[in-house]
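Below you will find the structure I want to go over with you.
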């Protein structure tokens, strides 16, 4: 029984832990409004890595991409139109 | 009648309640839906009888509020949403695409059990004392003020929501993966496009309702929540979340109905549907744009004026694909060879009623008029024209059309036509006066009302009684046909769809051999070769 | 009155309701034309192409996209026009009203409580002078209600936790229905009242005959002392609290560096949530009055603070 | 590989069946995104309305536990991805060991979550039950902690479901030689587990990180 973890998985895992360290560190650096943008950008990067490597999206065709993206796209609609009311109230 | 069909594949209770056959599950759904339809319908009839006079005479105001809530909750979540997808869709989809079952048969069965569990929990809430919030569960009334069984009812709807999600998921994957060889997307019957589009809504909108209902329960249990104005929460946030689901849900109800109409119109005018691609993509457009209009329920709620503006604009935009469909159906009639069997009567009624419903929708999308008309009987009439005049009519049309396939029996054409005409007149008599009431300013959900509104209310109530009787009629003659009807041939309408190329009722695995599709749909012969079967 | 002969038609009586009625007629005409065309085509086709009719069905023109593009474009353009028309009137209806004559409306299960600034209060009735723009300030004590006057083609929800401004004006004296249009519980259909529009002299007479209670601002002043506000905000107080004289309508610098205008909403928030917006240079000492004052009392306090002078927008 | 009940009649091949199952899982994940989406909208609305209260409330969360839990979850996701790779006849035992590791980490996550909840209860941070907070930010903080508890509780529920599913697969793989059906099942559960992981990454950024710098 010989088995080694595949390199892409290992790489993704290390990258994820690295990004986690980065995001926690950056959270303590005063950047004003950019703190939350940075945190969310790093979160999105991490999610992309998980999707591409762990969930094997990098090996899938456009149909799976559309299915994986549909949820996010509609989440975008919910947040966009939902927030529109709250941000433009007088 | 062929010897081995899905109906005689087993007679035990087990063979029904643990079946994974999509056709049997469709029958299970059908039986449950009839039950819920009549509960919801009975509540509606009581409401209309109460409203025949301006005073309270039949029921107390608490009882009245419980009645209209029960009517709304039961009819929306336990009849309209599952109606065509879960009965006709479940039965017909695999047959239409030449598959032996849906992609996930056990999920399909689980979906029915969830539906029944949700239904039972909701019925329990009603039996235990009822719910008085209206089907919209507006906060903070539902969370902090109502003393009725809101949490229980909400749990029931929550569970039923997962049943919807599983059904939608099943249809999407089935239509993607299980089509017969040669059945490309543009060769799909339009019924399938009209089931695919709302399935996307089921999958993407229902979870938002689910979480919103969870938040209601949390707020009721803890006494604080996101929608609680006392701690700086926002009741309008609830409305945004609720309508993010509930407006697209309207399209979950109407799109499958439109799908049925495509099949009926083309079959009974012996012509392909005019402008296939436009109609197909109109379904997708309606489903997609339907997510961008929810705020038109909130024009007077105090949402920002800019938001109202955007939502109003999108509401007008979403009306365009609906208009396309109506015009294409009419164009299909042109130079057809039209026969007026019962399903066709329903289809024609659908076009008329849906168009009235759609056009009055423009009144409500129009910001300034909506200020006056919203929350009045104008709205009630408008959405009943869509939901009942449109969706329920389409459901009855589809039921008659596929009845020979489903049961292997023919019903009485005479009674079927009588019922169709009665429903049409009863419906218009019930709901048309409500437009006038609304324009005059009678608010909805009123138990007593100023006497000057009485005349139109009496007309409406009279129509409701006719409508209730007319809805009972099909129950009688369809049940009669089950035992005494003539045996149906495989293809009583002389239609080219795959579902008609297998015996009636279909065998357990639908097709003896895997069908291969080589043509676009709706290749009708110009004239009926088969004689009218049901006369 | 025009159009009175139609049994279900009563024309609107507010400055913009004529526009709304015109819009309604416009919508009605457009819908009737579309519906008429559709029914005509359906009926013609159904009769002409019925299966038993031996008629030439050949020469079916090859399907062209022109028709579909045509009716898609036509519907879109028509809808766009209606959208613009409706939106324009909507903005007139909901324009922020000038502070001319304010009346306070508190909605609660299941009644409308109306407070005039002179101290007159009424329940389920609202007396106003005709042809004069009135600013309603509405608040809800419990659930969402909706203030609806069909004769004025006017409606607005009253959401708890915030003030809602609404401008009304009636052109003709008379009694008109006031409904609650948002379902609000058991006696929702009983939450009705009437708008009594009166000629200016009649209105003045009515105001006079109403038991002239103390004006609201004065009651607010009493409340101000009763609740202990004056202990800190009063002149000569030992506690360092901002003076409220001349505060209303002026910009207030806050401790977080931002600035707000001291309007109704700010004063309301400061009473209920004093620590959310602390004025610059002051300690956050004030206790919250959440749950200790009702919406009626809040209105009185605001009016009192207003009466201490300031800039009125 | 032994392949007893080949595939249900509606499929044409095992490959067809597996791809269909995967597609179904992706549709389900899209559903789940929107389930959390409703909460995210609530969060955005109230963070927009009460920015300082949210920062103040966020500072009261246990960032040490949060960070540890993130690392734990990322690692368990990694182990599950490895288990999918190791799902062969020869490396069956390794696969089971990897799954067991992932399950153990999952349980550890839930345990730490429990510790965190207990801590917050002691500090009077549970809205509706026992809440007290600096008056200045009380309302916003209440809304923040409502989001915190509802979102993390629903996430924890997903964790528990995922753990049970992984346990079922691990047991099946342990008891007999792997079949293509089990492979497909493991694949679906793995997708689900990675998704739960991805949700946590966003929850982590929304809950623990705001307000740390000020």
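In order of appearance the chains are A, B, C and D, and numbering begins at 1 in each one.
By definition in this document, contacts are C-beta pairs under 8 Å (C-beta built on N, C-alpha and C of every residue); 3 or more make two chains touch, one makes a residue touch a chain.
These figures come from a predicted structure and were not determined experimentally.
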Pair with more cross-chain C-beta pairs in contact, given B-C and C-D: B-C
Inter-centroid spacing, chain C versus chain B (mean Cα positions, whole Å): 35
Whole-Å gap separating chain A and chain C, where each centre is the average of the chain's CA atoms: 43
Gap in Å, rounded to a whole number, between the CA centres of chain D and chain A: 14
Per-residue multi-chain contacts in chain B, two or more chains: 176, 204, 208, 232-234, 236, 240-241, 244, 305
Multi-chain contact residues (two or more partners), chain C: 273
Interface hub residues of chain A, defined as touching at least two other chains: 63, 70-71, 74, 78, 82, 86-87, 90
Chain-chain contacts as defined at top: A-B, A-D, B-C, B-D, C-D
Residues of chain D touching chain B in the complex: 8-11, 16, 19-20, 23-24, 27-28, 30-39, 41-42, 45-46, 49-50, 127-129, 138-140, 142-143, 146-147, 150, 154
Chain B to chain C touching residues, read off their complex: 61-62, 65, 132-134, 136, 138, 140-141, 144-146, 229-230, 232-236, 269-270, 274-275, 278, 299-302, 305, 308-309, 312-313, 316-317, 319-320, 323-324, 326-328, 330-331, 333-340, 348, 351-352, 355-356, 359-360, 362-363, 365-372, 374-376, 436, 439-441, 443-450, 456, 526-528
Chain C - residues contacting chain D, complex: 256, 273-276, 278, 284, 288
Residues of chain D defined as touching chain A within the complex: 22-23, 26-27, 29-34, 37-38, 40-41, 44-45, 48-49, 63, 67, 70-71, 74-75, 77-78, 80-82, 85-86, 90-91, 93-94, 190-191, 194-195, 197-198, 201-202, 204-205, 208-210, 212-214
Of all residues in chain B, those that touch chain D in their complex: 94, 99-105, 107, 165, 168-170, 172-173, 176-178, 203-208, 210-212, 214-215, 218, 221-226, 231-234, 237, 240-241, 244, 509
